[in-house]
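After this come two complexes, each holding chain A, first together with chain B and then together with chain C.
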Partner chain A sequence: MSKSLVVFTLITLLPFLCYAFSPENPTDRKVLVLLDDFAIKSSHSLFFKSLQSRGFHFDFKLADDPKIALQRYGRYFYDALILFAPTIERFGGSVDSAAILDFVDSGHDLILAADSNASELIREIATECGVDFDEDPAAVVIDHTSYTVSETEGDHTLIASDDLIKSDVIVGSQKIEAPVLFQGIGHTLNPANTLVLKALSASPSAYSANPKSKLSSPPQLTGSAISLVSVIQARNSARILISGSLSLFSNRFFKSGVQKAGSPTKYDKSGNEQFSVELSKWVFHERGHLKAVNVKHHKVGETDEPAMYRINDELEYLVEIYEWSGKAWEPYVADDVQVQFYMMSPYVLKTLSTNNKGLYHTAFKVPDVYGVFQFKVEYQKLGYTTLSLSKQIPVRPFRHNEYERFIPTAYPYYGSAFSMMAGFFIFTIVHLYNK
Partner chain B sequence: MARNLVPFLVLLFWISICQAASIFQPISDSHRYAALELFRPTDGVFGSLEETYEVLRTFDILGIQEKPDINAATCKSVSEVLGSSAALKDLFYALNVNGVLKCEIKEEIYESITSRLRTVLNDARSLSEFYYSIGSLLLLKEQSSGVDLSLMDADGIFQSIKALSQSDGRWRYSSNNPESSTYAAGLALEALAGVVSLASSDIDQNMIGTVKNDILKLFDSIEKYDDGALYFEEKVVDAYEHHGPLATTSSVVRGLTAFTAVTSGSLNLPGDTIFGLAKFFLGIGVPGDAKDLFNQIDSLACLDTNRVSIPLILSLPATVLSLTKEDQLKVRVNTVLGSVAPRLTVKIVRAFLSGSKDTSVIEGEELKFDTQTSLHILEAFPKTFDVGNYVFVFEIILHDSEQMDIYATGGRIRVPIYVSGVVKIENAEIAVLDSDLGSIETQKKLDLVGESVVSLSANHLQKLRLLFQLATPQGHGFKPHQAFLKLRHESGVEHIFVVEGSGKQFEIILDFLGLVEKFFYLSGRYDIQLTVGDAVMENSFIRAIGHIDLDLPEAPEKAPRPPLQPVDPYTRYGPKAEISHIFRAPEKRPPKELSLTFLGLTFLPFLGFLIGLLRLGVNLKNFPTSTVPATFAFLFHLSIAAVILLYMFFWLKLDLFTTLKALGILGVFLVFVGHRTLSHLASTSAKLKSA
Partner chain C sequence: MARSTSKDAQALFQSLRSAYTATPTTLKIIDLYVIYAVFTALIQVAYMAIVGSFPFNSFLSGVLSCIGTAVLAVCLRIQVNKENKEFKDLAPERAFADFVLCNLVLHLVIINFLG
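Up next is the complex of A and B:
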């Protein structure tokens, strides 16, 4: 009896245990970490610790563990996946690249780190996300002008890059002063893919090649087209971080000082910790995830939403937008949220004004075209989730008795008609009774 | 299959985290900072007593003075554990902690623990029971003076532990658990060492000999990385307690050193094996996990004092040396924990440019020892020493030949060293040539160090030639790894060419006729950029030389299209321009005054009519005089007035339906009274006529 009760409770609780990031239940997130070796858990412990301190629960597994599974009966066990297994050729258990892509397609987040010996499997997953790693397996990113001054690393593959994406929502509002250390392989972004962004780019003098062999033909990747770390936000708001370097997240890089070649400033600590922690906040939706609630519209001076508007009505449109901060929904403040009054093409496009408490508001006059319109908010901003709201509303023309009734211009016509009638009245009397 | 992959992956990983594969740095201050950061007490304690012991042991080995104050709270829990009948494991760690903190424990407690441990030891069946009880007894021996701890039946206990060993040198956890484990072997060796030192009489040397054989067998199963690091790995994955390579190796090292410390006679284990183990522990770097850090530091401390051979670590403070700054080659030799090595000499066996193994630059040179900094220094490079990527082979020679057995030096150590310098860039020029004649159309000198830019123009029948010379500080030719010429079209399409060189001279000729297709027939301005860089070139540069205006023929129909250029993410988003609807303009109307004037004018004919009537002198004499016709006539005109009034209302407010309804009723009435009135008038006028 008690056993069946437990089973029953478990079954009823199951839907709440974990799911992709959802505005309804954004906390308590479970992350699966797949590693080449458990030593990564220790050598990258600062990165994991910062996530754990923000309330994430980790499940560390070897990538070839035969027991790993992402889902069973269509339900996912985890909200996010960290793939710190650059050399893995085949995952254990039921996981393969298609399973990982399905995981992302169902709205889950992914952090993937490759390295100089990245396997075909890891490259394939990255390619599916719009990121093409250098095909030469021996190639690493080399930069002879913006490397890190080091007494022990002489081959200029340890790069100090400070070309970060200019987006406060992705890399945090606090400026990352120190350059970010990078050692690994470079990738390019598919230009046709508009969802993928370069979070950390190489300098114009960088190139991707094997440092041990002479170059006879131009390398495939050169200059600032090389992306070192990229982020992707899918249309379903799943977020992906792809780094060409696993050591970028390591304690060694977090702690080490950095001095960029040719620059006199020496930083005691590289920007890696700040960079990767801030990026992880973005990837795990602690920043830049918007939700819109209480979409309302009504005529000016009224509060109820009408079933339809008449042309030339004055109306008000209101929407509340909040951003998830990792703990709570906080009012989102921006000055570029726009609403469209749309039928085949926008008739009215207006920027909403905000009260800085999340409420956005505007008022405009319904155009003098009737038909079925939509209130559309298509909010796209670098790094933020896309808000796409639409609400249908018909607009009708004037009724027959809603037109103007006494037009001054027509007074002479009225006057002549009535004077005619008065004349007729008098004429009947005179005509009948005159003698 | 999958399991076999793990060591391989581990290997790759280690290589990836320790880039300079053959250089290992001994324990340094970074470990101390890491330890202080990792071990932070919460509420005056470090979690369990096991963790506390690990912290205290690590701090002790690293020689950290400013320990957090945990004595009061920890001593309290130590005496609690010792006073109660806690599990053996807790007892063991409590005694360990007590050994460091020296808490005040009464002798009676020690006595009761001793008697308890003796009973446990007599009935012990599993390895952990042996390990913890013997370990605890050993600790009691150090901590209390009054208790007699010598083991009477040492031979028997030794044999029952030995009974758990397997033929391959590994151990089982208990007699009814068939799985053997390398980790358990470490525990067993430690327990055996404890038995030997607690024994009241000498243990049979034959038995010790077989254990030594077991150790050698165990070392047959050691695993090896490419860089020479050696480690043990647990073969059985599903053991009830899985240990990683670090924990397993650490356990074996502890057991080995404990066992060799208490037994006489040498163990026939090569020094290189110990050196390989040291490499393994140092190769980890600074672990981020408390347990890993303890295992690493504790094992290294064991290796530092072991009786087989003490590894000496050769490390270089810098492997990137600058010729311009006249850096000296410095070598440091330490033990694994960073303490001073015995008197020795470091010798460069040979040094050669990587890629040309046969020609040595330096051969058989001894480094000078500087007593102040305890560094071995190469005073000066030979005169002909040039920039390049060298490999130095070092060898450690101990002064005291007796110490050769005590220390393991790791034989010949290969260290890659980058010697960098300023490369001279000279005679740079860029020219546009006529294709068929090869004559120079325009030629410009370039100053690759300065800022000047050139502007050139060419058509598809011409060529572009770029020349420059690179020379090392010694005046030899220099071939940089990166020598790219980049042409970048206004539309963002880039073309990269490798500038080939022979000796000092570098030259590239771009024949535009052959490149037309590659350039996608895109005419216009191309920015020229030259990048020259190498790992040993201190003045690597990226330089915008200028631009060239290319006049290329029109693209034929089937020419390849230029590739898609990435869209700038910053401009892709952002607010759009506002759109406001343009409303239909209201119709034009005359001013109100004009309408009113015309309204007045429409009344003029009516007024004229009235005046005309008055002039004509109208009268109403024909109005019926009798009451009934007069009433009908009156009603007739009243209803005409009502119809007109109805029209008035129709204009003002009524709609057509109300008006028609009212008009119907009024009309019937009007027809009736009208008929009566008119027929009366007609009969009256007929009478008049007939009269």
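Up next is the complex of A and C:
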């Protein structure tokens, strides 16, 4: 009686459990937006609107609001955080840089925008993510060849960059034609961090310096080593976007036309809207989030999964891989998913073929080696979440009665053995009766 | 020392043959049996050289049955030879019984190892 009660309680609680954030089903997501002041909410409304239209619920708060909290009793209130507060020195409430990093460590996403005169706090969070902003607080990225043509000559801090990361999954499959406007500070990537990627790089002629003072010594950051916008995918699939410019997301930049210096083409609309919207889709797992389900393997011609294989068995391996599209799990189609049959090193490495409906399949022969093997799928592709599957399976040698009997090649040997016996029999008779 | 010629070799074989003629028929039969076993073993080795060593256990048991047979027959020949003073106390019947027992054991092992 009590057992069925427990089961009943669990079943009724199930919908509530599912409501908690899960990358397996990221719908109805709640985003906390921390702002320097509420003017940003209206000046960047196009960016927020695009996210809202895709089903995100926003909670706008001032960054120094004493009531902000990310979690209580280990439960996070939000699935993602947008930090549009470049000058904040200290967050209100219980939030500090460690809390934000814990938020990311528990698998939540983060968009962080800095700007010229970014605060120490913002720089610290960025550094923890593998991105080092220029240490000079007054420095901004200047480019005397890739600036935007405008009526006034200006100081060439408004950059038009089109050096995007070459990955359809991060910036979208539709090509961003117009250059992206950028005005802000540059950063470099920590070379020890292999997870951080340049989404938007500066041109080789860019440098980071204070535009108001004379350049007395060579600038610290130069050329395409400067990253303008970087993305990070942590090992727990949390995604982070770090931009050196807050105005990159602003309505003004979204709507303004752009003409790159030295280029005759003038675009009516900059690439900012497409770039930031596509990038936000990636950061919020609407693209490039894979899941693998229904891992199956069995002998060719059978359907049941055996507990053990024998050497030289023919087997089939099947796995279904889906990609989250923001609304539903779509079949993932690729021709580079591989499975390893692994014991200390891969004995078999096969590329899986797909039926374009998400099912991946291959067949191979178990090697002539026995021991405890694993089926391993280690799928790491730029922009996609890592798939890491492994399933253990023992492989046994032939049983003594599974070996071939009466091999034609061996008939002479059989014959000789029996002729020896017959010879012995005849010899015995001859020996005994020959007197 | 006189140089050896083909005549000497002929003379040697002649004397060997005449000496062997004096051997009792029983021993001659054993010799024939040994030659048969050794010859079968040689055929198998040649066959293995041609087709390869794949059912190696079968090859081993085939050849070893021949060699075992030959060895046991030689042992029997030593023991039943009247001129062999070492075994003069051993009855030929006892020697033959040993031979049969050893052969049974040998062929039991061979059959087990054959397939």
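Everything below uses one rule, namely that the second predicted complex is superposed on the first by the 389 of 435 C-alpha atoms of A that agree within 3 Å, B and C clash if a C-alpha of one lies under 4 Å from a C-alpha of the other, contacts with A are read in each partner's own complex, and residues count from 1 in each chain.
The working rule: a residue touches a chain if its C-beta (ideal position, glycine included) is under 8 Å from a C-beta of that chain, and two chains touch if they have at least 3 such contacts.
Computed from a predicted structure; not experimentally measured.
A.B. asks: Please name the chain, chain B or chain C, that touches the greater number of residues in chain A.
C.D. replies: B
A.B. asks: So in the superposed three-chain picture, is A:P331 touching just chain B, just chain C, both, or none of them (first/second/both/neither)?
C.D. replies: neither
A.B. asks: Pick one for A:P137: touches chain B only (first), chain C only (second), both, or neither.
C.D. replies: neither
A.B. asks: Could you say whether A:V430 touches chain B, chain C, both of them, or neither, answering first, second, both or neither?
C.D. replies: both
A.B. asks: Could you look at A:T409 and tell me whether it touches chain B, chain C, both or neither (first, second, both, neither)?
C.D. replies: Touch status of A:T409: both partners.
A.B. asks: With both complexes overlaid on chain A, does A:P306 touch chain B (first), chain C (second), both or neither?
C.D. replies: In the superposition, A:P306 touches no partner, neither chain B nor chain C.
A.B. asks: Kindly classify A:P211 by the partners it touches after superposition: chain B alone (first), chain C alone (second), both, or neither?
C.D. replies: Touch status of A:P211: first partner only.
A.B. asks: If we overlay the two complexes on their shared chain A, which of chain B and chain C does A:G154 touch? Say first, second, both or neither.
C.D. replies: A:G154: touches chain B, not chain C.
A.B. asks: Just to be sure I follow: which residues of chain A are touched by chain B in one complex and then by chain C in the other one?
C.D. replies: 407, 409-410, 412, 414, 416, 419-421, 423-424, 427-428, 430, 432, 434
A.B. asks: Could you please specify the touching residues of chain C with respect to chain A in the complex?
C.D. replies: Going by the criterion above, the answer is residues 25-26, 29-30, 33, 36-37, 40-41, 43-44, 47, 51-52, 54-55, 58-59, 61-63, 65-66, 69, 73, 96, 100, 103, 107, 110-111, 114-115.
A.B. asks: Using the touch definition up top, name the residues of chain A that touch chain C in the complex.
C.D. replies: Answer in residue numbers: 405-407, 409-410, 412-414, 416-417, 419-421, 423-424, 427-428, 430-432, 434.
A.B. asks: Touching chain A in the complex: which residues of chain B?
C.D. replies: For this pair, the touching residues of chain B are 2, 5-6, 9-10, 12-14, 16-17, 19-20, 23, 30, 244-246, 284-289, 292, 316-320, 389, 416-418, 420, 479, 481-482, 484, 486, 494, 496-498, 529, 531, 533-537, 540-542, 563-567, 569-570, 572-581, 583-584, 589-590, 592, 595-596, 598-603, 605-606, 609-610, 613, 618-623, 633, 637, 640-641, 644, 647-648, 651, 655, 677-678, 681.
A.B. asks: Write out the stretch or stretches of chain A touching chain B in their complex.
C.D. replies: Contact set of chain A toward chain B: 36-46, 49, 62, 64, 66, 85-90, 92, 115-117, 142-145, 150-156, 158, 165-166, 183, 189, 191-192, 194, 197-198, 204-205, 207, 209, 211, 214-219, 222-223, 225, 246-247, 250-252, 255, 312, 336, 338, 340-341, 346-351, 364-365, 367-369, 380-382, 401, 407-412, 414-416, 418-430, 432-435.
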